[in-house]
Amino acid sequence: MFKVGIVGANGYTGGELIRLLHKHPEATIHALASRSQAGRPAWELFPTLHGTALGQATILDLNDPRLSECDLVFLAVPHGVAAEMTPGFLAAGVKVIDLGADFRFKDPALYEAWYKIPHPAPELLAEAVYGLPEINRAAIRGARLVGNPGCYPTAILLGVAPLLVHDLLASPLIIADGKSGVSGAGRSPRPDLHFAEVTGDFRAYGLPNHRHIPEVEVYAGQIGKKEVKVSFTPHLVPIPRGILMTLHLAGKTGATTESLTRVFQDFYAEEPMVAVLPETDLPHTKAVLGSNRCQISVRVDERTGQIIVLSALDNLVKGAAGQAIQNMNILFALPETTGLTDLGLWP
Amino acid sequence: MFKVGIVGANGYTGGELIRLLHKHPEATIHALASRSQAGRPAWELFPTLHGTALGQATILDLNDPRLSECDLVFLAVPHGVAAEMTPGFLAAGVKVIDLGADFRFKDPALYEAWYKIPHPAPELLAEAVYGLPEINRAAIRGARLVGNPGCYPTAILLGVAPLLVHDLLASPLIIADGKSGVSGAGRSPRPDLHFAEVTGDFRAYGLPNHRHIPEVEVYAGQIGKKEVKVSFTPHLVPIPRGILMTLHLAGKTGATTESLTRVFQDFYAEEPMVAVLPETDLPHTKAVLGSNRCQISVRVDERTGQIIVLSALDNLVKGAAGQAIQNMNILFALPETTGLTDLGLWP
Amino acid sequence: MFKVGIVGANGYTGGELIRLLHKHPEATIHALASRSQAGRPAWELFPTLHGTALGQATILDLNDPRLSECDLVFLAVPHGVAAEMTPGFLAAGVKVIDLGADFRFKDPALYEAWYKIPHPAPELLAEAVYGLPEINRAAIRGARLVGNPGCYPTAILLGVAPLLVHDLLASPLIIADGKSGVSGAGRSPRPDLHFAEVTGDFRAYGLPNHRHIPEVEVYAGQIGKKEVKVSFTPHLVPIPRGILMTLHLAGKTGATTESLTRVFQDFYAEEPMVAVLPETDLPHTKAVLGSNRCQISVRVDERTGQIIVLSALDNLVKGAAGQAIQNMNILFALPETTGLTDLGLWP
Amino acid sequence: MFKVGIVGANGYTGGELIRLLHKHPEATIHALASRSQAGRPAWELFPTLHGTALGQATILDLNDPRLSECDLVFLAVPHGVAAEMTPGFLAAGVKVIDLGADFRFKDPALYEAWYKIPHPAPELLAEAVYGLPEINRAAIRGARLVGNPGCYPTAILLGVAPLLVHDLLASPLIIADGKSGVSGAGRSPRPDLHFAEVTGDFRAYGLPNHRHIPEVEVYAGQIGKKEVKVSFTPHLVPIPRGILMTLHLAGKTGATTESLTRVFQDFYAEEPMVAVLPETDLPHTKAVLGSNRCQISVRVDERTGQIIVLSALDNLVKGAAGQAIQNMNILFALPETTGLTDLGLWP
């Protein structure tokens, strides 16, 4: 059994790491840490832990030595904090998977432009690997530091990769109309996330300059080997989890729903975590609730020449904790799907 | 008091007409009719009617003579049925507002192409008036037959009209990414509308050829005096009511959020039912829950040149019954907002 | 037009007073005040106000002289604060309706026992009138200070009053299993009211000593002219508004659903705001969403002799702001239902 | 690997059996059968199956011989149907776990009184075992036919068992105020289960004579060795899954929250699937979402002498499919929690 630690155990991403690692057959949770919750029993953070041994575990402080005893730590902490903690873990021989933004970019200037702080550990950027297995598996295999992708970028990049690789777009503009469940906004209470305000409501937010844009532009550009631009409009859906991404793209002449569905099915034929749907169905966020899978459909609107790609994933699983464990499996040379094969919870 | 009748009183649109007309100070509900529910007391259709006199009213059959005693009837019935009933009402001197698709088009061929039946009363199409007051108020004033707009088209046309009138778009393509509450799909039970399936889920449906497309292309073309094309992707939101429309448009060089917000505010300055929001806010569907208002914001993504317009309305009010009553007020020469000034229900 | 003011305009009760008074034909909102929000435009508190003149009104400080120009002020502020403000308003000739707990009790010791502070204005308790019109209408008529009932007590007292008046219970114990929408917990963000935590969840809270218990015991005791005891178990329902109260009561021999339904229907025959349902239906919280009505059903479980009473109301309307306006109508000698006849919003 | 079959694979209970057995390490799904869906691929029933091998499996007819090749079949079919199919399976050496009502009673007259049909296989009732492991584990071990408990009865019996065993109640009356998510009503579309009707609503239904009453009275009577009576009031909660049961019981003098919490903790100390919560917490349905655990709290209202027990479970897991697999594990002499240790999905 590998020993793993979770830093930032109290947030939703931390909680999802707990849920998934609790059932992982090859990893054991050795340390749970949280700056604000240190000293409390784990069940006070997540009532799901009542009746389990793990629920009695005490939340540790961020500098607790148990963390350094781990084979790997997951960092689910604010950007900036992760980069400050990482050098110490690496020096202690602990692999690091960061679920925030600190190790997603090679270019510290890009990081600083969007995150408004100088990068705290720019010397590690060359070594850090972007953890989207479907695109970057080979590089992940030998890494000791992984920058886990954002939830929205995972949905966009998986949705657009087959079209970019096969050069099937007539324009470099990706219009990404994203819809996310509320857990994507974190666990801290906010007036605009109060149940009574959100329930029954649907709205956009934060446009037009969401921080996930540069991540998409960098990696979509690499996948397609030419520059792309992203216009991203996120929306808040009154559901706890789930992202549905709708991509509006200009297609080349002659594309059909049938032909592009074939392209997608071939592209992802060997991928265990991506399901390209038959033409008779469309993705549901709930079909992947709690699951590490991503569902994708593609449609061609022949009247206008537009391609519409729809991708659905659970923002806390394939969009965060599940993908991080997929990366952990790769780092530990385990079968990539170990502990990640659960079906979505329906209904 | 004007006497009005509602045909199709059992559906959600019919129910919303009941709710709004029940409090209208100048109209009285003279007849409620429904093919399937005739003979039942009204409270069996809507439990909101318990404790009211109207709740004791008996639902009439579609050919009940009380309907012909009305000054105006609202038709909330399937397409095709409305066109069959309308000539009789007009002959009896009863004005008609049809909330379905039968009188939205001048061209019967277009109707037939999208609705798959020959138009049952093509001779009335020349006279019928498209009932979007903000665009077509003058024509509505003298009409006796109004085709009330669709819910999605209302959201799209109000969102795009200022840009079309002022010729501010660089492309004729309107990408309309629509999100609708479940009442938009009607009241009939269906497996995919079962509570347990919809709650916690978000999905697209019915793309790429939704029947609301031709309505938008015709009237957007008239507003802008040149052809437009619409790529429309509807989504189902797990809320009972509400549409949020996100329009992705190619802007001309130099547009800014500030300049376009000014254009929208000027365009709708005198419109009581359209609120262009300050730049610091964005539309909420819940802000217009039960209200006849439409909220609109516009944003320019200067990195990509894209214009994003967001419009929110209640699909059963400004998207159906409320707009129909707004039209009724115009037909009866009442102040246009009579009975329609309620605020949204928050939270 | 009477001039009214709202103190505590930023909370959900304050917002509901705004919504209902905005459409009241005989009252005009003369002043909106809030300690924390003074100086902001009203639309920043409630996005429902976009596009209205009222939305441009500036929120006043609590000591703004405009409040004293009103004929009546509604106090929607924390307990203790209301009692401190009230003497000044009364001295200025302004009638007061307090929506909190400060004027619901005659006995300051009872107040202090449950609210843990000495009553700030005990000299006013003799004069203050409990504002449940169905029980206390005559006393309200001449009052200048009304203590508006709590939401749960309204649901319990309306549900149990016919049985108490007719002495139909075999035991003095009222088991009240209450279920409330989230707005009942107020608008302030809290970790346990975050959308992601509440959606999909159902739980009890705060038992066994909820502060609404003494209010019920006092007034139920007066109604039945003998002591009762209340065992109250509140639950949180993932809906924005609505209370469903389930009362479990020991019946006397011979009671039937039919006989008790008749008792209830007779008891409330002249009450415009209480609908006793036919035996074939049961109350829905959504049937009174946004409405000032209360729906009630009664059932006898003949196997066990238990009486089950179900009452549904909107906690912000009949449970707070609507009832306050009903009281205002009585104070101003207006027809009691003025501005309060709206149907619930369905669906 | 044991081979198992699921009859009635298309309903929610069938789907949950699929989800749980798909990850069970010792059982393999050998046959999926459904009268109405035979011939379709499994993914058309549950979109969660996209991208899995099982999703390509063909749904079989009810008399397909593959079912008889199984070691055990789960019957998730209407009452009456299960009893008709069971003799054939038993004759073929296939163990049977019925998730309906057909094998929950020893007395065919009781079955007929509540289910309104003669029992189709009364000769099997003596042999059938009631499958509530916490109460009846020894009898289950050697069985070949198990009647899996109802969802509500599981919540009631687990909540009341410690009090009955220790004779801590002052009255034989169990007042059970139950709240269930919508999946408890099945998957068939119905007008009153339409999303738009249920969302935002809370209501009671079906009182006072729910079919789960006799099951509780029989087994609670056995547990406590004396007759009890149940007054049961079920409510519909707008959540997909979950039951919260609130039991109102008359306590004996001297009981306290602390003393009874201790009784419950001792009673369930060795039970892996029942978590008695600390006094500082209360059960959440969402804390056991997708999990086989039941959370329980007990409170004493010392003012009235009432005991309030709260129990939460997932109606499709501990209330149906999970409990059935727990029984399967016992029948196959596997560790009882095999495949059932997942934490709830939070948020």
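The first chain written gets the first letter, and so on, giving A, B, C and D; residue counts start at 1 in each chain.
The rule we apply is simple: a residue touches a chain if its C-beta (ideal position, glycine included) is under 8 Å from a C-beta of that chain, and two chains touch if they have at least 3 such contacts.
Because the structure is a prediction, the values reported are computed rather than measured.
Participant: Taking each chain's centre as the mean of its C-alpha atoms, which one ends up farthest from the centre of chain B?
Facilitator: D
Participant: What is the distance, in whole Å, between the centres of chain B and chain D, each centre taken as the mean of its C-alpha atoms?
Facilitator: Distance between chain centres: 46 Å.
Participant: Report, in whole Å, the distance between the mean C-alpha point of chain C and the mean C-alpha point of chain D.
Facilitator: Distance between chain centres: 39 Å.
Participant: With chain centres taken as the means of their Cα atoms, state the distance from chain A to chain D in Å.
Facilitator: The computed centroid separation for chain A versus chain D comes out at 35 Å.
Participant: Listing for chain C: what residues touch at least two other chains?
Facilitator: Only 12, 181-183, 187, 194, 196-197, 199-200, 238-241, 284, 289, 347 qualify.
Participant: With chains as vertices joined when they touch, what's the shape: line, ring, star, complete or other?
Facilitator: Topology of the interface graph: complete, with all chain pairs in contact.
Participant: Looking at the complex, which residues from chain A come into contact with chain B?
Facilitator: Going through chain A, the ones touching chain B are 173, 175, 177, 179, 181, 194, 196-197, 199-205, 207-209, 213, 229-231, 233, 235, 237-242, 244, 246, 248, 282-286, 289, 299-304, 306, 308, 310, 312, 347.
Participant: Quick check on the complex: what are the chain D residues that touch chain A?
Facilitator: 12, 15, 18-19, 22-23, 43, 46-52, 182-183, 187, 199-200, 240-241, 272-275, 277, 281, 284, 287-291, 293, 295, 341-347
Participant: Quick one: in the complex, what on chain B touches chain D?
Facilitator: Of all residues in chain B, those touching chain D are 12, 181-183, 187, 189-191, 193-200, 238-241.
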